[in-house]
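Some structures to go through are shown next.
Look for chain A in each of the two complexes below; its partner is chain B in the first and chain C in the second.
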Partner chain A sequence: MMIQTEKGPKKRWNINMLSSYGTIIAGILIVLIFSLLSPSSFATVDNFMNITRQISLLVVIAIGATLVMSVNEFDLSIGAMASLGGVVSAKLATEGVPIILCVLIPLLVGLFVGAVNGYIITRFNVLSFVTTLAMGTVIGGFTFWFTEGATIFENIPEGFKWLGQTVVAGIPMLSIMMVIIVLVFWFFMSQMGIGRRFYAIGGNERASRVSGVPIQRYKTLAFALCGMLAAFTGALLASRLGSAHPTGGDGYFLNAYAAVFLGMTVVRTGVPNIFGTLFGAAVLGILANGLTILQIPTFLQNVITGLIIIAALIIQKLGREKG
Partner chain B sequence: MKKLLFILAAFMLVLSLSACGEESSTASEGSGETAKKVAIMTPYLSSVTTKQMVDTLEASAKEKGWSANIVDTNGDVGALASRMEDVISSKVDAIILVSTDPNQVQSQIQKAKENNILVFGSDSSYIDGMTANATSDNAEMSKLMTEYLIEQIGEKGNLIVFTHRPHPGVLKRTEMLDEILKDYPDINVITEQEIKVPGPIENARQQMESLLLANQEEGSITAVWAGWDEPAIGAAQAIEAAGRENIVVTGIDGNSQAVEMIEKGSSIKATVKQNFDGMAEIVIEQMEKAFNGEEVDGTELYAPAELIEGK
Partner chain C sequence: MALLQIDNISKVFGKTKALDDISMSIQEGEVHALVGENGAGKSTLIKILTGVYSPSEGQLHWQGKPVYVSSPKDAQDIGINVIHQDRQLISSFTGLENLYLNKPYPKKGLRINWQAMKKEGAELAARWGMNIPLQKTVSDMTPSERTMLEIARCMMSESKLLILDEPTASLTDKESELLFQFIERVRNEGVAVIYISHRLEEVISLCNRVTVLMGGKLIKTLAKEEVTEERLVYYMTDGQTSVKKGKQTKRTNGKALVKVQDLKTADGTVRKANLELYEGEILGVYGLAGAGRTETMEAIYGLRKVESGTITLHQQQVPKPSPSEAISKGVVLIPENRHEDALIMNNSILENMSLPILKRMTRGGILQKKEEKSLIKKEMERFQVKASGIHQTVGELSGGNQQKVVFAKALLTNPSIYICDEPTQAVDIMTRQEIHQFLRGQVGENKGVIYVSSDLHEILEISDRIIVMSEGETVANLQNDHLKPDDILEICYRFQKGVVTQ
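And now, the complex of A and B:
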């Protein structure tokens, strides 16, 4: 995650091109192939909307992961946090709490737990990998206790499904939400001082410390926002499904990091970045959608998806080394 | 660099070939009109019984000349919702939800209905928007098993419960257990543990090992009631490895591994055999009726179950 100052010689431009655009080219190829093979099902406006809706949750949670990775840390509790966010949100809804609070309260829970993660990691200087893994277990246990292991679906008011299921002028509300969040966090990361501090810490923590950056505060902020976005993802998932399962968000954890890593291959500097993450999530979403439409067996889908991610990483790495 | 590009291109080729293969095979099967397309969907393909049902569904569908596509989301219900939207986009004729709580994909079921796609359940449950669900009567099976277990232990003792309440069928069984236990004050439930899925056998085994360590006296554990067979297998393995005797384990489902253990005389003393093939056949039968524009026999259809006990 070092910020590289690339000053490669001009004649190497095609290898650099590949390293920067390899993933994008692969993404375009995937879309082209699916469109050719299944023009009537894949390449339609309806299905495009379908895909944007399907990736919206992954994008939201992956943006959280992007923030934490930009300060060179990991948060492995995001899946469990999303599950918790979902059940808290759904539970509040069944209790007749106003919808706005059903979304806000999980956000605060996520913000708080994320901040605790960040505090422990920076205050005691322990590995985020292990700390958040443990925190994920704690959250998972809490979620189980909270739900008694059951799926929450009875008596959920129709209003609760507004965020997850409404379509405005042909565009799913979830897709609109995704665009807003991407823009907000893009602005946060690239146009505001805080975002640049994140990258400085991620690039060279010691240098940042020496130059007086309050690392503890920024890292804790990154974890807190990450927790908040994970909980928000859970709430959106509950709204989308009209129900909340005690492990419903767990599946997002690995995909979120896959999206961030794919996103890192999109930019020359190889740092986690918001648009890259959006792109990475889109590639994953398009693969899942297209392969299902083409009736490719599930096991082969997993193999193909995994290999494409590995290929993207290798190409970028090679390109950078040679460049 | 060229090599890598080559690898990438090879991928795409494999992908497109397999895709072409799939599409042409579906096209060739139709006799006159286009073949019906059925999507068989579940988050739990790794479970033995779910797999068994999926296999029977696939085979029976193909016998009818329909094309069948299997989608598994490895325990992830959110992903199942997305994949349902995908198969709806690809205009299948019917969707079969296997071992899934349909309440979690309500809006996708409605969307399927709007697109004239039939939704069936196999060992799921019935909700509005679906055509029918075939299952075992879980409450009835649990009653059969629980009463047998209570009789075996002489209506008293210390019971351990292994369950997984998020699964709709297992939930019904556990609720029936709770209900029956109310009438037996001499049966003390030491603990109820949630078994993790996937990996229920290993998880149950580990939990049982700990519970055996915590309850070492003879008679401190009388029986283990498992919500389905896989935890029962894990519990029996732990009991046998620890050399403990006189602990009665029961499961429900009748999966082949459990039945084999019962026959060999393990700690698992009984299970209730669900008729998974029967459920799959009911689904296909009803689907054919629906495709032909006939009424289905009912929305919740039951395949009968039987008690299997050891010596």
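And now, the complex of A and C:
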């Protein structure tokens, strides 16, 4: 009933502002606190580069999760997919396959498995939550069979580690990779028709269908890209470590979604978005880095990180109810 | 003594005065209508009476004593119950379980006493002359059964004032009739009813008094004897419009734009639909609930799976209908439910309007944002959408403006075939007139409109030709020439379940 025709006279600080900027303010506060507590080791260019490298893998996999969440679905198989991508990549490397293929083939595997996820979910209209959970189990089982449960680390050529370990002019290769992927998918989501359709589907699938959006095609695409990015994350991880463990990527799963959720609190409309996800991953990365520098034990780090995520969600919710 | 006395109630939101010094009274055993355009303040007033909002100024008196209703629970405790436009039921529960939602279940030891529940439910229904299948799951019920169930739930506790907000919006005329009988019954028992409706015929025939609101102010309260449709419209619109009745100019039949032959959907909701839409005409589609009107439209548009039969658009048969195919053939669907089917509430006006024409708005997949902006801006101005700008979220707009966005969006696809499913449901008279005028302006060479409505008067007002559906079949095809509501109703009832002749 109330139509906004003009801006209010003066913006005052209130809970609504907190919901839009709360996470950003929290991020800045965290940086300030760490900088004060540990200026000599936290607030340095070297450590900044270090953090960008540490979060790069998380950002890549979380962007995949962002795509799937933008069409209002979940992909719980990304952790298992990352593990698979890693071992496939490493295995190919040990077989002497050209490095470029060692990265490309896992990408295709991820793309394919993701597309299968999407196909099943859209064709049979089943819950993505359950489907991808089951698919994750399938992938995990396959990975164990493929590796016989062992870590792949012998006979990996030095060239394979190029992506994960090179530093160009003081900037880690992984960080450069991350920036490229963020920019590509930001463009994809906000400057292209596809991104519009993703958000339309996520906002109201039925209305999108009435408007002529082929739901099945776009949802499947979102899952396929998500699978691809997850597998890519695994390949990058293998390259960085110079080895691949059959459950090596599993741990990225929860943090990826934490990053997406934090990112959703950054924008007013509360939708998953690429820069938000980057920001969310950065907050998580800075926390982990800073708390480690301060020698806070891991268990306490987990407690603090978890509480911060919960606080961000609550603040946004409160703001939205008022608004 | 009045049952409810409303004294100088005002409600302010920020800078907007939603209600401005409203004073009125509700007597026992009276049906009191509230009418007014969207945004007149009806909902706000109801929310104050039911404790959702507290008034900024003013005082309520209940049976002569001052009363403060600070929560919906408070309102229920003193006997004020409200039936909202949308149903507040749990669709996976049975009718009986829904009846007991806010009451403790009768127990036998630790177990639920289903027998007692059944008995109480049946008694309640019998007492108020309701025919509700209480054993059925709500999702299997018809809209009218759901409405009656919700009313029955109100009658579980002693109701002294029943507020009905657009209760007939989703009902057919016959179902509405049942509701009116019920209202008559509660009135005779001394229950007061506040009745909100856009359908003025109902208001006139049903109510003892009518209060007109406009822009948050009480314009006038009229007694039954003083009420006429023209008068109500005059007060509701401040004399800006008069209801234009009477038929538009005759149109001659041209080419067939849509041809549907023996259509049957996979889910069986449509069994044998036949219709033809010719250029230059408005085809009305009428039928009682469950007739398969909406479902037929959805099948033509590709939203519902077709099992057999043919759909022809612009003389070309469409073997596999889909929304994108329909859009490319110039079909546009204005769906019944704005919130669920037409708009993405959390997206901006721009994002909503350009969604069906994204192909045109992109080059090599990349959005041409400048072009897009200027196009959408132009359309928005043409339809006079009141908003802060093209980036405002659609969910923040008023109902009437949302509907304008729906039409503006539809027009962007350059449609030649409009399929409108209840496009004027729950919009005010002004908007309704605008929509009718707009559609009349659209028909012409190579263009036509299919108009579905459960409001028989509206169908008769706008259509050149009318088809009647019953139980998924087309049962009549009539030229709208001196047709009377009774003519059409008679056809409907003749083909209702069990009485099918021949």
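For the reader, a short list of remarks on this structure follows.
Throughout what follows, the second predicted complex is superposed on the first by the 309 of 323 C-alpha atoms of A that agree within 3 Å, B and C clash if a C-alpha of one lies under 4 Å from a C-alpha of the other, contacts with A are read in each partner's own complex, and residues count from 1 in each chain.
Operating definition for what follows: a residue touches a chain if its C-beta (ideal position, glycine included) is under 8 Å from a C-beta of that chain, and two chains touch if they have at least 3 such contacts.
What you see is a predicted model, and the numbers here were worked out from it, not measured in a lab.
The larger set of touched chain A residues comes from B, when the choice is between chain B and chain C.
Judged by the touch definition given at the top, the superposed model places A:K219 against neither chain B nor chain C.
In the superposition on chain A, A:K91 makes contact with neither chain B nor chain C.
In the superposition on chain A, the residues of chain A contacted by chain B and by chain C do not overlap at all. Taken in their complex, chain A has these residues touching chain C: 1-7, 191-194, 196-197, 199-200, 203-204, 206-214, 269-271. Per the touch definition, chain C reaches chain A in the complex via residues 13-14, 16, 18, 38-39, 43-44, 301, 303, 322-324, 326-327, 333, 335, 340-347, 351, 354-356, 358-359, 361-362, 365-367, 369, 386-388, 392-393, 396-398, 401, 409. Per the touch definition, chain B reaches chain A in the complex via residues 1, 4-5, 7-8, 11-12, 14-16, 18-20, 22-23, 26, 45, 67, 69-79, 81-83, 85-87, 89-91, 101, 103-107, 164-166, 171, 194. Taken in their complex, chain A has these residues touching chain B: 15, 18, 26, 29-30, 33, 36-38, 41-42, 44, 46-47, 50, 53-54, 57, 144, 148-151, 153, 161, 165, 237, 240-243, 245-252, 288-289, 291-298, 300, 304, 307-308, 311, 314-315, 318-319, 322.
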